[in-house]
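The structures come next, written out as structure tokens.
Two complexes follow with chain A in common, the first pairing it with chain B and the second with chain C.
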Partner chain A sequence: MAEVVATNQTILVVGGGISGMTAAIEAAECGKQVLLVEKSPTLGGRTALLYRYFPKLCHPTCGLEINLRRIKSNRNIRVLTLAEVSAISGKRGAYSATVKIAPRYVNENCTACGACAEAVSAEVLNPYNYGMNKMKAAYLPHAMAYPQRYVLDASLIGTPDADKAKASCKYGAIDLEMQEETIEIKAGAVVWATGWQPYDAAKIQPYGYDRFANVITSLEFERLADPHGPTGGKILRPSDGKEAKNIAFIQCAGSRDENHLRHCSRICCMASLKQTQYVKEAWGAEAKSTVYYIDIRAIDRFEDFYQKVQKDPTVSFLKSKVAKVTQDKSGDVILHGVDTEGYHRYANAHDLAVLAIGMQPSVAGVDIPAEIVADSSGFIESSAADSGFFGAGCATNALDVNRAVQSSTAAALRAIQVINKLARAEA
Partner chain B sequence: MADMKTAAYICKGCGIGERVDTAQMAKIATKEGKMHLVREHDFLCSAAGVQTIADDIEKEGVTHAVIAACSRRAKTEAFYFPSVALARANIREGVIWARPDTEEARETTQEMADDYLRMGCGELKKMKLPAGNPDTGHAKRLLVVGGGVSGLTAALEASKTGYQVVLVEKSAKLGGWSAGLYRRMPFREPYAEPQDTGMDELIKAVTGDANIKVITNAVIARTDGAPGRFKVDISVESGPSLTEEVGAIIQATGFSTYDIAKLPELGGGKSANVIDQVTLEKLATEAAGKGQPIRRPSDGGEVKTVVFVQCAGQRDESGKHLAYCSGFCCGASIKQAMYFKDANPAIDTVVIYDDLRVPGNGEDFYRSAQRKGVTFTKGKVSSVVPQGNACEVKFRDLILDEDAAIAAADLVVLATGQVPNSGVNIDIPEEEVAKMEVKPVSILNLTYRQGKDLPQLTQGFTDSHFICFPYETRRTGIYSAGPVRRPMDMVQAAEDATGATLKAIQAIENAELGRAAHPRSGDLSYPIVQLEGCTQCKRCTVECPFGAIDEDEKRYPVFNESRCRRCGTCMGACPVRVISFENYSCDTVGAQIKAVDMPDEFSEKPRILVLACENDAYPALDMAGMEKNCYSAFVRVIPVRCLGSVNTIWITDALNAGFDGIMMMGCKHGDDYQCHFVKGSELAAYRMSKVDDTLKQLSLEAERVVSCEVAITDIARVPQLINDYAAKINEIGMSPLKGFA
Partner chain C sequence: MGDLNQQMLDKYRNNFLHEVEEKVDDGEWVKMCMQCGVCAGSCTFGPDWEHTPQKIFMMIRAGKREEVLSSHSMWLCTSCYNCMVRCPRELPITHIMHGLASYAHRLGLAPKNQPTRDFSLIFWENCTKTGRVNELRMTISVYFREGFVSGVKKMWTLRNIGRGLFFAKRLNPLELFVSHGCKDKDGLRRALKKADEIEARRRGYEVQPRGYSS
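Right after this comes the complex of A and B.
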């Protein structure tokens, strides 16, 4: 299948979230050839799963639409999905990457008509809603998915459902014989934009994420507010579907903590401030948000947003690192700790607790060249002068979207420098 | 248009063939649409289907094709025919998926499909294949304004990419504030100690680079032109002026420090021992030069206690000082506290803060300071009172919730913020500028009709309004970088400058090829004006969100195409309709409106025109279809580049054609606007407020034309909006204008 022509003039971008897409698009719009490799079946990454951005409360899919249009209209970019770079060798100007492409079981003929999803009955957990609901095992990842092409979950293969899916497709798009492929890609420069993953909330034992249904992460909360989410955009708590109106936001869940992540994840304060506005959007004056924080890091002009939220009567702030969370019989979560402003102990009941979960770089598990240096937290550091390998976005630091895009744009230029130098040498 | 050959392709796939009568559509394309060639296909996006179209283009000489299949957002790779003018009729997401599959819905669904094909044929015949802006520029050099860390980095990165640079610095020396630092914050692991600034090396690299022409003691006297062909007059102190041709500009003019004299309550201007962070850097450098500890400025006495007051004149809600947080100052105070602790651990070093803001690995640096014994106190300083050679610092301790004081601080460092050097705020009217005591001095001195400098977003910063697109200034080819864009530290400034350099280079390359920059990247269409009809009303020159249009001495508009972003706001503004794009014009949309088959007033089938922003409302409608959120069959949707491009003639045309209602769907406007063309949706709302008069003249109800803000996530809301509006139209009845067209 994958006939991929790449040369040492090609920029390989690894990761198809907003950082990788940006690096790819910006380089391509400078006239460079780009190969964009994404591990999941669709571009868009984590930002596609956010309901709104801070501080404007605008929708990430709006920018995604623009970026997708830029990709669709630019022939310099080729996109490989379900593809993972498993090894890279070579040097600046002459890399060779091993790319493993997992079978989609659906080929380019797919029109995204949805007949296969209707035909199958098997369901799998929906990773685009962080497993909070199920989806058909033949699926389009989400409404903004690109490529707009269905996927058969591997668990379907060999079951009668797989045959049903195949039979339902009039366009010969389903190929149950598809196998994993490994291809070698040449590239002159590499941009590594594999993004971030949430810190494993279950490791923060006192918060009981693994024990209490009504303790969820900030990412899961995004899905609860999103009209494409498991509740259709209604903020209902997981244990009993009760309307969650009284919500606790626990800051620094995993961050700024030598037992977990040493660094500050930068985005979580603003994310929680933003999420208090979802609660208000949903329930109006009945909404009650409480932010448990150490420092509110609403940096630069985000300060405006913080001041606006401080004035919001539905939101209150409590300076405290929450010590412990319990859940009572009714399903309410009880937060225990000490209010450091005045040293009062509290045991506050909430319908739902949202952990403002820390950001960890997703750089593990790949045999990347020795020239890439990561710091002790796993973030990629700036490369040596003779390297053609550049980190971008949240793989390099805990960044918000704006700064991740800035970082990716810079990384794209560094990659172009390698290509241009090569072109000048060969001319 | 003798050589126009039109073709319509009707796909039967994805259920279209089962849900609607495509043979009837084919007949419509031939008879009403007057298409030269009409084909139905079972699976048009298949290799065979695509080949059919490609063959027709090659062998039959098709120049214009309408594809009646899925949405224009789908199957873009398959339906990629760059050599022909292409229209898409959205029969899948826009018709069969948006309608219930029932017998009773069949007739109205068919009418919808027929109309979309008619509209596609109508549009197609008015389209031309865009040829690209002929007014290209070929200057490949970059101008960098400002020689601090941002400007130096931009110049060096551009040179490394193979581009020549002219770097203009106002002062005699390169390096800016950064060169005046004793040490910088650490930027890689271990984040524990202050680092050498590295500015000497950076300056040496720039001055030694043959690609970079450095001009110091110089300012920009005049900037004229457009991306690819800027002409910049540079006036040099005590020397002849220069004129340089450049393709793009990076404004890295940095910041000024906030004047501490404005903070008398914090001792600012009242004692030599109350200083700002920049002054402390100077003291630290001088002290290090002498091999001595930092001394008390008033008398050279020993510093035993130093207090850092965070957020001095920042995060201010009173309106007197800076409302924002400058972001870098917590880290800077930590670094400066270390200057003292590293020299002598016995020095009492206190940082009084409200929220300590050290994101990312700054946290390690914070911990390092705590290990060195720096005291961090959460509090709010109420006053700093100088008494002799010491100062009393009074503050509210926010942890103990009580008033507290440091009786005798030898040195008080106020962490004041960055004030951007962004030149003239072009949004302030000239009358008001005339009243100002200190007149703002322009930095770029643009000859643009809309003002001399980059538009400011907020608080004087020239930042982009867009989360996803931090570099989108409203002046194509001019990018700001560093603290003039947003408050930031050195490491961020260097990163920012590198990104801005890419955008500047991209602007140069785009200008050379005559194509648009973001967000319609690569678009080859451009605004064409027929000056014969122009009434010099100046609406286009005033309303262009990107300052692309100037005026000549006779007040005719002068289009600078490579500054243009192709939103069509000028086209929407033009009362005499002399502005158009080759593939998007008053005619292409007008033809769609007029192509709709209008049932008579007794049919009980109203028609509602929806003009939908192609970036948000249209995808929302598509996704509503994908999720089978059905809506009224009475609507006919036309995607528009931006609501700002909507010309009121379309409203008049639609009403005269017998449409019963018109919905305009655009992005949110106001402070947190989401319009990608900045003010398109706002302008549309303003223009539509004037439509009421037209409606009155036609004796029509005001509700016949409505505007609504639609977000891309409104997949459930949009169908509801449509259905509610259809019910409303049903209530007020059919348009009395029906049948008079």
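Right after this comes the complex of A and C.
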């Protein structure tokens, strides 16, 4: 399946989210050979799971579509999905990486017709909706998935459902004999675009994410607002499906906290400001958003957006780090704390509480080779002067999409320089 | 005692934050507070006191020396450590509150007739004398703190508990006359004196504080 031609002049990009895609496209469009390795079955990463971008409130599908088209039409890029770099050795200009490719059980013949999904009855938690609903165990990750090919969940193999799926496929695309493969590839430079993951909200004990159904993370809220999400785009709270009109946004959930993440995750303020607009869009004048904050960090040009939201009568701001969350019998969540503007104690009831969850690097330093220097939060800070490793996007810092793309373009340029030098030396 | 207060006023002028940093245990942490309010919200005594920890820290920065040092708030702290566990900047809030209380007491600015403060003084007096707490005498001192009549009333209210303690052999009436004590009382006094001296040297005090020396 994986016939990969890679030489010392290949750039290896690890991670197929918006950062990895950008780095790969930029390098490939400069004429370099690129191998893009993605762990999950699809490109797009966490960006594809957002409902809208701030500050223009446009849909991520738009930008992703353009990038996917650039990837499709560029012969210099080879994409490997379900693939993970398990080991890497060598030096700048001469790396050798071991890539493990997990079986998809679906080959290139797939037309994404969906017959296999209809045939199987087994269901698994849908990771593309952060486990808020279930999906068939033969699935297309999401509408923007690239490659547009179905995947059979490994749990299906060996069950009658797998045979049903195979029988349903008119194109002979289902291959139940597929095995895990390990390949060795060469690369001259490596771009680490391993991205981010949300901080484990259950660790913030006083907020009760693990105890109360109506305390959710900002990422789950994105899915609630999204038409492809578990509620079809209706903002309904998880406990009883009631329309959530009075919503609390709790800022710095995990971030700027020595007990959790010591860095400021930078995007969460803007994300919550953006999400207040989803609430307004859904319920109009009945919407009521309350942002509980320490200070709003709408960095540089985003100040305009902050000012616009401040003028919105459906949004109010309460300067306080919430001390504790409880849930009453009706399912309403009660936020307890002290308003530091005037030192008033409050116990406010809301339909739903959204934790503006912090960002942490997907690989917290441990899986990344020693050539890379990580900061105290595990983000890639720099690499040795003679290294061919470059961090890109959220692997290097807590960034929004715009800044992640800038960071990736920079990483691509550095990788190109390595390849160019090498090419000159060999010529 | 007013002397020490005056000395400190002269030394630090309007820079109360600096004074707290130098004189109060863990006072150097105060400037790390980012005013998020999670300590105030987490305080079990929250609704009952005037100044929450985060408010106290802001007042220190604002130079409200008299108001901070004469506040009842530090004395109400029950050391539950909720604030300290949740503080995103890891401030040792409980310790700072105790440090402030102790410093206010040293300067003679602590609120008068504050029950926790009175209890602390009685306890310290009681246990440093013999090295052991004489519970009977301490209880009586605490009950009669506000006068004879109120003392008798309190004892009457709690008479059943007293009787229970007596029959459980947890209360020895003879203790009223003879206190039991530790073996080396002189050694204990010397140790406490030494501790006082070390603290005075470290914090730069010239005057021996009231209620601290034996």
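Keep in mind that, in the parts below, the second predicted complex is superposed on the first by the 422 of 427 C-alpha atoms of A that agree within 3 Å, B and C clash if a C-alpha of one lies under 4 Å from a C-alpha of the other, contacts with A are read in each partner's own complex, and residues count from 1 in each chain.
Following the convention adopted for this analysis, a residue touches a chain if its C-beta (ideal position, glycine included) is under 8 Å from a C-beta of that chain, and two chains touch if they have at least 3 such contacts.
If you're wondering where the values come from, they're calculated on a predicted model, not measured in any experiment.
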Message = Once chain A of both complexes is superposed, is A:Thr7 in touch with chain B (first), chain C (second), both, or neither?
response = neither
Task = Quick one: classify A:Thr182 as touching chain B (first), chain C (second), both or neither.
result = neither
Request  = With the two complexes superposed on chain A, say which partner A:Pro206 touches: chain B (first), chain C (second), both, or neither.
outcome  = second
Ask   = Looking at chain A, which partner touches more of its residues: chain C or chain B?
value = B
Key: Partner chain(s) touched by A:Ser155 [first = chain B, second = chain C, both, neither]   = neither
Message = Which partner chains sit in contact with A:Asp339 here, chain B, chain C, both or neither? Use first/second/both/neither.
response = second
Request  = Considering only touches as defined above, state whether A:Ser121 meets chain B (first), chain C (second), both or neither.
outcome  = neither
Task = Classify the contacts of A:Arg301 with the two partner chains as first (chain B alone), second (chain C alone), both, or neither.
result = first
Ask   = When the two structures are overlaid on chain A, which partner does A:Arg256 contact: first (chain B), second (chain C), both, or neither?
value = both
Inquiry  = In the overlaid three-chain picture, which partner chain does A:Ala323 touch, first (chain B) or second (chain C), both, or neither?
reply    = second
Overlap of chain C and chain B interfaces on chain A (superposed complexes) = 256, 319, 340, 343
Request  = Please give the residue numbers of chain A that touch chain B in the complex, ascending.
outcome  = 18, 25-26, 29-31, 51, 53, 56-67, 69-70, 72-75, 109, 111-114, 143-144, 148, 170-171, 226-228, 232-233, 256, 262-266, 295-304, 307, 319, 340-343, 375-377, 379, 381-382, 397-399, 401-403, 405-410, 412-414, 416-417, 420-421, 424
Ask   = Where on chain B does chain A make contact in their complex?
value = 13-15, 43, 45-46, 70, 73-77, 80, 157, 160-162, 188-189, 315, 317, 323-327, 355-364, 367, 378, 398-401, 458-459, 461, 463, 465-471, 486-488, 492, 495-496, 498-499, 501-503, 505-506, 509-510, 518-519, 521-522, 615-616, 619, 623, 626-627, 667-668, 672, 674, 676, 711-716
Note = Given the complex, residues on chain C that touch chain A span 34-38, 40-42, 46-47, 52, 54-55, 85-90
Message = Quick check: in the complex, which residue numbers of chain A touch chain C?
response = 206, 252, 256-260, 294, 319-324, 336-340, 343, 345
